[in-house]
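Both of the next two complexes hold chain A, though its partner changes from chain B to chain C.
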Partner chain A sequence: MMRADNIAIRTSGLTRYFGHKAALRGLTLDIPRGQVTALVGHNGAGKTTLIRMLLGLLPPTRGRSELLGHDSQSLTPEVRTRVGYLAEGHFLWGWMRVRDTARLQRETFPRWDQPLFDAMLKFFGVTPDARVRQISRGQRAGVSLAMTLATDPELLILDDPSMGLDPVARRALVEGLLAFARRDDRTILICTHLLDDVERLADRIAIISNGQLLVDAGLAEFRERVGGWTIDADFGAQQAAQIPGLVDSRQLRERTHLVVADPDQETVAAIQRISGTARREELTLKDAVLAYLRPSAMVGSISAALENVR
Partner chain B sequence: MKTIVWKEIREHARWIPLGVIPIVIVLVLHWRASFLIFDDTKMLQWMVGLVASGIAICLGMLQSWPDQRPAARALLLHRGITANTVFWGKLLSGFLLYAVAVFVPLLAMAAFIAFVGIEHRPADPAAILPSALISVAAFSCWLASMLVVQRDAWMVGSRLMPGLAAGMAIFLCQGVMNYAVGMSIAIALTILVALTVIARSVC
Partner chain C sequence: MFEIQVTPGGNRPIYRQIIDQVRNSVATLELSVGDSLPSVRQLAEELVLNHNTVAKAYAELVREGVLESRHGRGVFVAKRRQVFSSGERKRRMDQALDVFLSEILTLGYSPEQIEEAVAKRLAKMTANQNKAEVE
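And now, the complex of A and B:
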């Protein structure tokens, strides 16, 4: 249990319905200060809904959330200025010139860092006189990021910041965020689909699927606690039921790849009973995360399904 | 609030000519139709009320609909000002833009009537006053359209309900205008204030 003053974001039983559809179900999560936490999940998993509720832009159906120790639904302007938010899609008003967007931020964020903003514009090759609607998507992403970082936030919430960026700009973004995170123990919550970025940036990972939190762990701990095996035997629902902690099974030709959470001796014995030639395999972070994100309906693999069609 | 007013005016001032043109057309047509006398203001009141309501509805929609997109809403609200400030900034800028579109042509017409003088036509600049009062009541349509956009109501009828209140403000104001100007103003202001309070709690 973390100390309350060491927590940047806290949610408890956070639930949100849209009509009869649950976008988020009873999410309880603590994000510590001074760390980079990656929020990972497929499209529609509830990541953006979570962020909107954290920022008090959407009321929860049940439960509550706190940002920097303050209830999300009643954030004061002072607290808001301590939280930087980059929305999905890098929205900016298209009619504005870049310098107008800076003016709007400067006048409502007291710790505005104009030299940082100017330096970032220069890096992304944007002039202050350019109209937002006339700059490229990558440049718009750069301006959005500059607008967010120049507010000098204690807590940075980024919703898919790499969207629309080319590989060079993406690398610069990751490096910039790392440098930012190191300054005075800043906290970053980054929501992304790019697992390479997660690997380079994050200290912690939270995986959300269908509105539920599946994983909340340190990155190293997550890697240690997920194991992979390859077996050469037939593998179906009956075999799957025998393996405790089975996260995913994927068939590629005659082999089946298994991903198991918290494997212990009982797990190893169960796998050996199914196939005596089972081999332990090294899992990358990407493999482990994708195993959690694969919907349960996707039994087997696409290639196996295609072969069956042939 | 200054920042929000600046943003709203910069964003929507380009639509002002589209508001000025129909008001000018109504005034010019009325001037031409009632060539001999300009004191039969009932028709002018109705026409100005109708056009001003349309301008208020369009302006209200323009100022609220685009900022309803989640990312735009987040960019507008997540800053070191309260949602209250954003609301009052939008209301003030909306009224300023509306005033330029509606009251400036009305004032210009009053000035023109005064300039022409009763020697040319037996008209009084004060004949414009009832239309100006109706235009104040018609601003309730701005609040109503903002409420229609922002209220989270499933049924269309329920969603459009604020429009009914705004319509009532204009009709009551019109109906009472020629008998009791004070009561007419009181009705318009009461409904305007009521809609503002509701809009503030919803938006």
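And now, the complex of A and C:
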């Protein structure tokens, strides 16, 4: 286990039902301080439900979660000022002038950083006198980010911040987040579908599917621990059962692509038995993540349990 | 000027792309012993990357003896020295050969053609290295 004070977010057995449907099932996850963790999954996989429970906006059906060492369901105003949250869609009042959007924040957050706010507006090309409804979507995302970062949070949680942004605004957002992450000991949890941005930003990746945590590992470690093979032989349920850690198989004409978690000698031998001409291939991050998210995926899950021993 | 470029979305993780390019530039003498590299922070900003990704690449290159880190002064191309055991050296050579040969063979070259091309290229590279050592 990691030491408790090195952990920004901790959940144990976190579960939430809406009626009979489980949005999140028994999620146990530690997110270390000072790192960027990307949370990846389908729409409706339970990411937003998770974030709402972390922030104490929604009670869990079972289990518990902690932010910065405090129970999510009873966060004091003081703890809340140390957490920045960027909601999906960047909500801002259209009639306000940009400079005035900061006023409320300034009153609520004791460590409000006006020079940083001004610098970020400049970075996103926003004039403080403009009305929110007049600026572009990318610029609105910039204003939202500036409003959040200028509160000087220890922990920043972002729900799909790049949604609907053009490539230029997306890049500016990534640069803004990296600059924030470089400051000492800042923690970021970001939900996103953009895996290229994940590669630039993240130290860690967590993959959630159908309300369950499938992967929780360092980004480099995840890629090393997921292996790809191409085989020329017939491949069906009988063969699949022989390969330990099989995540997904995909038939393409005469070939089959296999994705396997934590392949060891036994796995390699099993694959060789099915096809003597099996070839190992390097996977892109997208290939590896998609293998976990495909409906046919089996669960060769990867967790950080081993790594936390360090 | 020595410049690193990275592409997300490829089948090589970004920190590996950095390692490959530095190693390659040192091997082809585009970078020579004592040349300085950008700091972790500079390179991370330049390439729009998490600085831990750059730090991981540099750490690996230092471990391999390609780069050396001089405290407070930055990162430099190291004098070549042997950091691997003979078994590990052999393993790394075999691994590199496997990748290289399987790629070349799929292009349809004959063994003779490959040998000739390798010898020619090797002579050119080592000539450069000898020159650099005399200087």
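FYI, the second predicted complex is superposed on the first by the 295 of 310 C-alpha atoms of A that agree within 3 Å, B and C clash if a C-alpha of one lies under 4 Å from a C-alpha of the other, contacts with A are read in each partner's own complex, and residues count from 1 in each chain.
One rule holds for everything that comes next: contacts are C-beta pairs under 8 Å (C-beta built on N, C-alpha and C of every residue); 3 or more make two chains touch, one makes a residue touch a chain.
Note that this is a predicted model, so its numbers are computed, not measured.
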Touched partner set for A:T81, first chain B, second chain C, both or neither: first
Which of chain B and chain C A:V36 touches, first, second, both or neither: second
Which of chain B and chain C A:Q212 touches, first, second, both or neither: neither
First, second, both or neither for A:A202, with chain B first and chain C second: second
Which superposed partner A:T230 touches (first chain B, second chain C, both, neither): neither
Chain B versus chain C as contact partner of A:S12, first or second or both or neither: neither
List of chain C residues in touch with chain A within their complex: 8-15, 41, 44-45, 48-52, 56
Contact footprint of chain C on chain A as seen in their complex: 35-36, 171, 174-175, 178, 181-182, 195-197, 199-203, 219-220, 223, 281-287
Complex interface listing, chain A residues touching chain B: 48, 52, 55, 57, 76-78, 80-81, 83, 85, 87-89, 91-93, 95-96, 100, 103-105, 107-110
Parts of chain B lying in touch with chain A, wherever the complex brings them together: 2-3, 7, 10-11, 69-75, 77-82
